[in-house]
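What follows is a single structure, written as structure tokens, with notes after it.
We just call them A, B and C in the order they show up, numbering each chain from 1.
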Amino acid sequence: MRRLFSYVIVALLASVPLWLGDPYILNAFITTGIFTIAAMSLNLLLGYTGQLSLGHVAFFGIGAYVSALTSLGFDVELFEGFHVVHEPWPVVYGFLLAIVFAGLCGYLVGKLSFRVRGAYFVIVTISFAEVVRLVALNWVELTQGPLALTSIPPFTLGLPGLGYVNLYGKAGNYYLVLGVGLVAYIVIKHLVQSRIGRAMIALKENESLAVSIGINVTAYLMLAAVVSAAIAGAAGSIYAHYLRIIDPDIFLFLYTVTMVIMVITGGKGTLAGPVVGGAIFGAIPVIVRSFAAPEVQWILYGAFMIAIIFVLPQGIVPAIERWFPRGPIKQPRVASQSAASVE
Amino acid sequence: MTGAPALTIEHVAVHFGGLVAIADMNFVVNEGELLSLIGPNGAGKTTAFNVITGFLKPSAGEVRYRGTSLNGLKPHQVASLGLVRTFQRTSVFRAHSVFDNVLTGLHLSGRSTLLDTLLRLPRERQSERELRETTWDILHLVGIGKHAHEQAGSLPYGDQRLLGVALALAAKPSMLLLDEPVSGMNASETGRFMRLLGKLRERGMTILLVEHDMPMVMGVSDRIVVLNYGRIIAEGEPAAIRENPEVIRAYLGQAGAKRAAHA
Amino acid sequence: MAEFLQHIANTLILGGTYALLGIGLTLIFGIMRVVNFTHGELYTFGAYFVFLVISVLGLNFLLALPVAIIAGLLLGALIELLLLRPMRDADIDTTMLVMIGAMIVMQNSEQLVWGGVAKSVSTPFPETPLVMGPVSVSYLRAFVLLMALLLIVATYILINRTKLGKAMRATFQDRDTASLMGVNVRAIYTATFAIGSSLAAAAGALLGPAYVISPHMGDIASLKAFAIVILGGLGNVTGATIGGFILALAEELGAGYVSSGYRDAMGFLIIIAVLLIKPTGLFARAERIG
């Protein structure tokens, strides 16, 4: 039943560009989709492993810049007379490098941040993101600073021999986002529904107990950090090649907040949560724009988040799941059932 | 090989600043035996557990399991060597179902790699099937199969403690360290637990038990070791320990010991 | 050398207001264990309030600061009562998220009301600066330093010499014991949040006129406040005071001798460095406040 529901949703989403005429709304779908992918990755860290990392936008932004710079090329002078020059590469390489680089940053930040816990962890993660933003703002030679990186080439998909397509238009990017989103969703699903996922959830719930049964907490925290950063980097890359212009504002705390809101209101620790949250918070600006200033959109974001936390602290999806509970776990037919028990 | 030393604790000491939690602890647990560690409150029993299982670094001394030194190992590494402990208080994942608790506990038995997991390759699917079957086996062994779908935190107390043991068993230990497993249990729950202990011993499990319930300790133990003020003050079979004046004095104090001697 | 002395002068002025910001947060963070994201918004509020009082209502400049402090007290109490008190039993993550939500609402409300263009406030002080040898300081900034020091001293007296301060210190040490000894912990929490918020508002009221006022100034202020608290140790008012000056010094020297663009980065670098090297803060006397 659930599976059928998912297929219907995906089919519906796939059909959107075919009948949606309004380019503004289609754009909203695309950017919302990109942020939803980033939210899904944050959910891995926040919802499943229980680490409130508030610097997540750093990986998103790093992915965007790495991808853009790879495809644009650059020439920087690191010190006296020593230049690092990079010729433009096809966008696909930018995408892959974005994933790798963001994942690496996730590893480094994780290694340093997981030494502290609780509130301090939150503050350290925010600080990292802010430092990255300031570097992007000030290292003008590499990033053009506030003047922004422009003329970023669009995504190019294709295979040698079959031809290439440049995704300048909205429809193409929409399907790209949908495709990458589905892949990200499936990868995360496989991860959290596996033995590894169980280890992550266990360490969130009770760390001492988890280590006592052999779960290497540090290793799994790092894994979650790397995978979530890598996926965020992928989303950032798509963003850069869709907008074709990025500036250091991409690292604003505001965007981390957007992702956090999507995850928390949708339901942290659930697969559908970020998607539901993404849909709601993507819809708000579209609905609001016709009658109110953009600030109102954010005020509604904040108020809505507070309301959800007070009323449905677990988020929307768990509340819905309580009305449609899963069936009991099926027991395999084992003859020794009654014989071996002490009951 | 029953009879050979499994766990050796040699000159272990634990100091917290100026406070001496354990002064000089020496004892051995042999393969296949059930050794109970008893002593008055504050004697250092849980500290000993924490040191053995890697939750606490000793200030001195060495702990060896089957020849491998445990010094400096992290708790998860100790567990993967076959030494698994239970906890006095939160011994289960309260928000998980009973089934999921044990399934999570089977962590060390998983056979698939990260790539297998991300792509859900056949090896991962096969491994998951096996883990689920083993989960049922363990649940039935311990006797809580009928609660499989219930939330662990909502189980009756005795069943929760049994689940705690099931969770530890899932980690495939060759030695179990049970930290006051029957504290708070009524007579029938304790009885069920003792039967489970019996079954585990039939399978050759080495057990180190910390308990206050004297009748139970006297009933199940091969040997007993008595800890007081961070030192082992007596060691031997239950009958001998019961009569040992040092032990009586430790539990009842000087006056009590005199009274017991004149009884 | 002259340049260095100028930096020192700037440090003192900036440090005083930073200290207020930091003390306010260390009280809230220390006593209530709340990661108060609205702290920066109270700072912004203080600045806009002064703007309102002077430029719109046309009141006396000297009146602006005390009124801003009172407004900060009230706003802080309101936030505590509406948002934090009902969340008393929630975990730290949830409370943090509520604070973030409140921050968004406050910041965007300010933007909606005042617009995004930076505002500046006219002050009654002469334009020409006070020159003392190689150092020049505007009268306004000298005033700012004076008021900041006064407020710091006032806070000290409050914490160390009043009954309220004693109750706050007791709650910081051990909330349950304090409660058993008759301290109304819930009221202390409201008072703490209100006082901490009023100090942030005061900092904003002092610095706003000295620079410019914009809706986003709170973001950076919040993080700098956290840097100061981490430097000084949680709940440690002396530490926060010294931390405020240290941060100001780092910023001044960084901006002067490295690059002005990275001025704001100093705070974050301090946070990262301290938390990774000595997580309990440079002045680890975290057993008591004051």
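We take it that a contact is a pair of C-beta atoms (placed from the backbone, for glycine too) under 8 Å apart; a residue touches a chain by one contact, two chains touch by 3 or more.
It should be emphasised that the depicted structure is a prediction, and the values quoted were computed from it without experimental measurement.
Trainee: Average the C-alpha coordinates of each chain, average all protein C-alpha coordinates together, and give the chain whose average is closest to the overall one.
Mentor: Given all protein C-alpha atoms shown, the central chain works out to be A.
Trainee: Could you pull out the chain whose C-alpha mean position is farthest off from that of subunit A?
Mentor: Farthest chain from subunit A, going by C-alpha centroids: B.
Trainee: Taking each chain's centre as its mean C-alpha position, how far apart are subunit A and subunit C in Å?
Mentor: The answer is 33 Å.
Trainee: Could you tell me the distance, in whole angstrom, between the mean C-alpha positions of subunit B and subunit C?
Mentor: A distance of 51 Å separates the two centres.
Trainee: Using mean C-alpha positions as chain centres, tell me how far subunit A is from subunit B in Å, no decimals.
Mentor: Once rounded, the distance between the two centres reads 42 Å.
Trainee: What does subunit B use to touch subunit A in their complex?
Mentor: Counting only subunit B, the residues touching subunit A are 53, 55, 74-77, 79-80, 84-87, 90-97, 99-100, 103-108, 110, 112, 114, 117-120, 124, 127-128, 131-133, 136-137, 140-143, 145-146, 148-149, 167-168, 170-171, 192, 195-196, 199.
Trainee: State the interface residues of subunit C toward subunit A in the complex, per the touch definition above.
Mentor: Subunit C residues touching subunit A: 29, 33, 35, 83, 86, 90, 92-94, 96-98, 100-105, 107-109, 111-112, 219, 223, 226-227, 230, 259, 261-262, 264-265, 267-269, 271-272, 275-276, 279.
Trainee: Give the list of subunit A residues in touch with subunit C in this complex.
Mentor: On the subunit A side, the touching residues are 52, 112, 115-116, 118-120, 122-124, 126-128, 130-131, 134-135, 137-138, 253, 257, 260-261, 264, 293, 295-296, 298-299, 301-303, 305-306, 309-310, 313.
Trainee: For the complex, which residues does subunit A have touching subunit B?
Mentor: Listed in rising order, the residues of subunit A that touch subunit B are 187, 190-191, 194-196, 198-199, 201-202, 205-206, 208-209, 211-217, 223, 328-329, 331-332, 334, 336-337, 340-343.
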